[in-house]
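What follows is a set of structures to go through.
Here come two complexes built around chain A, the first alongside chain B, the second alongside chain C.
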Partner chain A sequence: MAALLLRPVGRYCLHGHLSPQLCIRKIHFSAVPLGTSAKEEMERFWNKNTGSNRPLSPHITIYSWSLPMAMSIGHRGTGVALSAGVSLFGLSALLLPGNFESHLELVKSLSLGPVLIHSAKFALAFPLTYHTWNGVRHLMWDLGKGLKIPQLTQSGVAVLVLSVLSSLGLAAM
Partner chain B sequence: MACVWRLSALCGARGGRALFLRTPVVRPAQLSAFLQDQPAPGWCGIQHIHLSPSHHSGSKAASLHWTGERVVSVLLLGLLPAAYLNPSSAVDYSLAAVLSLHSHWGLGQVVTDYVHNDTMQKTAKAGLLALSALTFAGLCYFNYHDVGICKAVAMLWKL
Partner chain C sequence: MAAAARVSLRRRFPAAALGGACLQACRGAQTAAATAPRIKKFAIYRWDPDKTGDKPRMQTYEVDLNKCGPMVLDALIKIKNEMDSTLTFRRSCREGICGSCAMNINGGNTLACTRRIDTNLNKVSKIYPLPHMYVIKDLVPDLSNFYAQYKSIEPYLKKKDESQQGKQQYLQSIEDRDKLAYRWMIDSRDEFTEERLAKLQDPFSLYRCHTIMNCTRTCPKGLNPGKAIAEIKKMMATYKEKKASA
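And now, the complex of A and B:
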């Protein structure tokens, strides 16, 4: 959604040629949008740059990684992974033959060792716990809390510890 | 919503330096200001101009979307313990709806961030809508014809 930036629709009326100091200036800040919206400007930027075939400056390959940065992409990554899992589940229900129990029987018949099953449960639980705990951290930020740099690191570490502990707990159940 | 704009006026009639306005961060709501009466010549100081919204031509859609995203996130957060402590058909269908919506909006943000071409974005968003709709349909189908989400997780975990 384009944010309409205000600009003065200048209407300068200079009254009184008698004294240049005596001028009543009326400036209306009204709902006139700027020439281009943010969306239009972005589109121009991308069209210009993708068309020119300019090389991209190195970014993620050279920038020094920080904990908030890594956790942010982790939040996105786990979110996408979880969505993929949910969609796979939903689509399988619609498209694959057999009911849930039959699929579980199939997995049981593989006779996987307890270590493998335990690890699989941890691997399934961890994205969920990480995304959930980091999600709470995000909601705190949305409330305006914990935005100072040291707090960022503290909450980040807390989320990581909680995620690992919760995943271990869930995998043990 | 009234905002106070601090206007540091230049001194005297010597001119040259431009008037600058330092504004607080303004939401898309429209503000209409009527700046009248330039301060008397030679007046140096700070003039406070009070504004009030005269009409609302900006869209609130983005702001409402943002709030909606947070509301759904909190709902989903609440459904997780509910699913564990009180599994039921109601929780199953609520989870299906909230999960589908949360994931749809989340993936929508990913598309907005990484897909820049206008037509590409339209196709990506359309594809996403189809995926989310199918996912929701699949989850509801599972809830109706099969054991339901809560029971399924319990059964999977007993493996």
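And now, the complex of A and C:
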């Protein structure tokens, strides 16, 4: 649906009987399309710039970081990590020899220190809890709630605190 | 120090004429103390399209803040006038309303005319053009794609029946005026809401927004585009139901 962008065409009407000095202009809208459409302008932009030697201004290297920005990329990172983890778990269940119990016995036989076991459990639980709590924050945003800047910082800190606490809780089980 | 000198002189020579002379000496001492230059360094992105083989680089300029206005634009103009006339940037209203001087200052996108210079002389002020844009020269980006995107949303009121145009003012309620951010969608005077929403029904126009909220953080006019986009997404979810029930 390309809306015709109309251009006002000026037409001059002289009403002699009213007043000879007054020149009354009537503007009529007729179907005179504007020079370029938005799509054409975008195409011209890309053709012109990709064919030139113009540099792209720096972005990630110069933009100052903020908590909401870092948490957003963290949400994506943990999401990718969780998907990869679940896929790996599924694949190994399919392809590796032995069952879950035998693998659990293998890890127990390594006799790793309790500190190492705990921190490994924490490292596994944290992406899950962070992604879940930040996911709730995202759902609130989809409802249109909590999108003011101070609210963003408050909810962000709340998510981080909750994630750490729930990861500790899960790791202690 | 100057005050102490004044007191001691008064005790010794109580004549009024001498009092006037020492007042001038005090004033001189005070102004001398004020003229210690406060040098601020500005590291500015430079690139010249006319210089073959030129690569983008940072050039540092030193500005005495005592002889410069408080805003970054004042510093840029001072540099261009007094130090390097080849420095190129856009500017117009110098009061934060036109948007010409938009650039990245110390990692944040703002208007140079409303961003105060950080008076900490130990830090260098870093000035870059708007991020991830094709650079025409120095701090000037190519904004034609941006303008084309604005054109594509048809930023004007559309009525189904244009015959009443010009007869009476189209009035707006106060509640409507409050929602000025996503103004073309929720403006009750615009009757093409469904069509506007339909135009966004593709994976790119609206749904590339991932609620990162950098837009609201950086807005120099205190607007909330992030919230406006969230509201548009909500409208997208419900308008089909409206159409179905109609």
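Everything below uses one rule, namely that the second predicted complex is superposed on the first by the 117 of 173 C-alpha atoms of A that agree within 3 Å, B and C clash if a C-alpha of one lies under 4 Å from a C-alpha of the other, contacts with A are read in each partner's own complex, and residues count from 1 in each chain.
We take it that a contact is a pair of C-beta atoms (placed from the backbone, for glycine too) under 8 Å apart; a residue touches a chain by one contact, two chains touch by 3 or more.
What you see is a predicted model, and the numbers here were worked out from it, not measured in a lab.
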Which partner, chain B or chain C, is in contact with more residues of chain A?
-> B
Could you look at A:K148 and tell me whether it touches chain B, chain C, both or neither (first, second, both, neither)?
-> second
So, A:M69: does it touch chain B (first), chain C (second), both, or neither?
-> second
Given the touch rule stated above, what does A:N99 touch, chain B (first), chain C (second), both, or neither?
-> first
Give one of first, second, both or neither to describe whether A:M42 is in contact with chain B, with chain C, with both, or with none.
-> both
Based on the superposed arrangement, let me know which partner A:V136 touches: chain B (first), chain C (second), both, or neither?
-> first
Can A:K121 be said to touch chain B (first), chain C (second), both, or neither?
-> first
Is there a shared patch on chain A that both chain B and chain C touch, and which residues make it up?
-> 1, 3, 42, 46, 142
Chain B partner contacts - residues on chain A that touch it in the complex = 1, 3-4, 6, 20-31, 42-43, 46, 50, 76, 79-80, 82-83, 86-87, 89-94, 99-101, 104, 107-108, 117, 121, 132, 135-136, 139, 142, 173
Report the residues of chain B in contact with chain A in the complex, numbered from low to high.
-> 13, 26, 28, 30-38, 41, 51, 55, 57-59, 61-62, 70, 73-74, 77, 80, 99-100, 103, 106-107, 110, 116-118, 131, 134-139, 141-142, 145-147, 152, 155-157, 159
Which chain C residues qualify as touching chain A in the complex?
-> 45, 47, 49, 55-56, 104, 106-108, 126, 128-136, 141-142, 144-145, 147-149, 151-152, 154, 195, 199, 210-214, 216-217, 224, 226-227, 230-231, 233-234
Tell me, which parts of chain A touch chain C in their complex?
-> 1, 3, 37-39, 41-42, 44-46, 48-49, 52-59, 62-64, 66, 68-69, 72, 138, 141-144, 147-149, 152
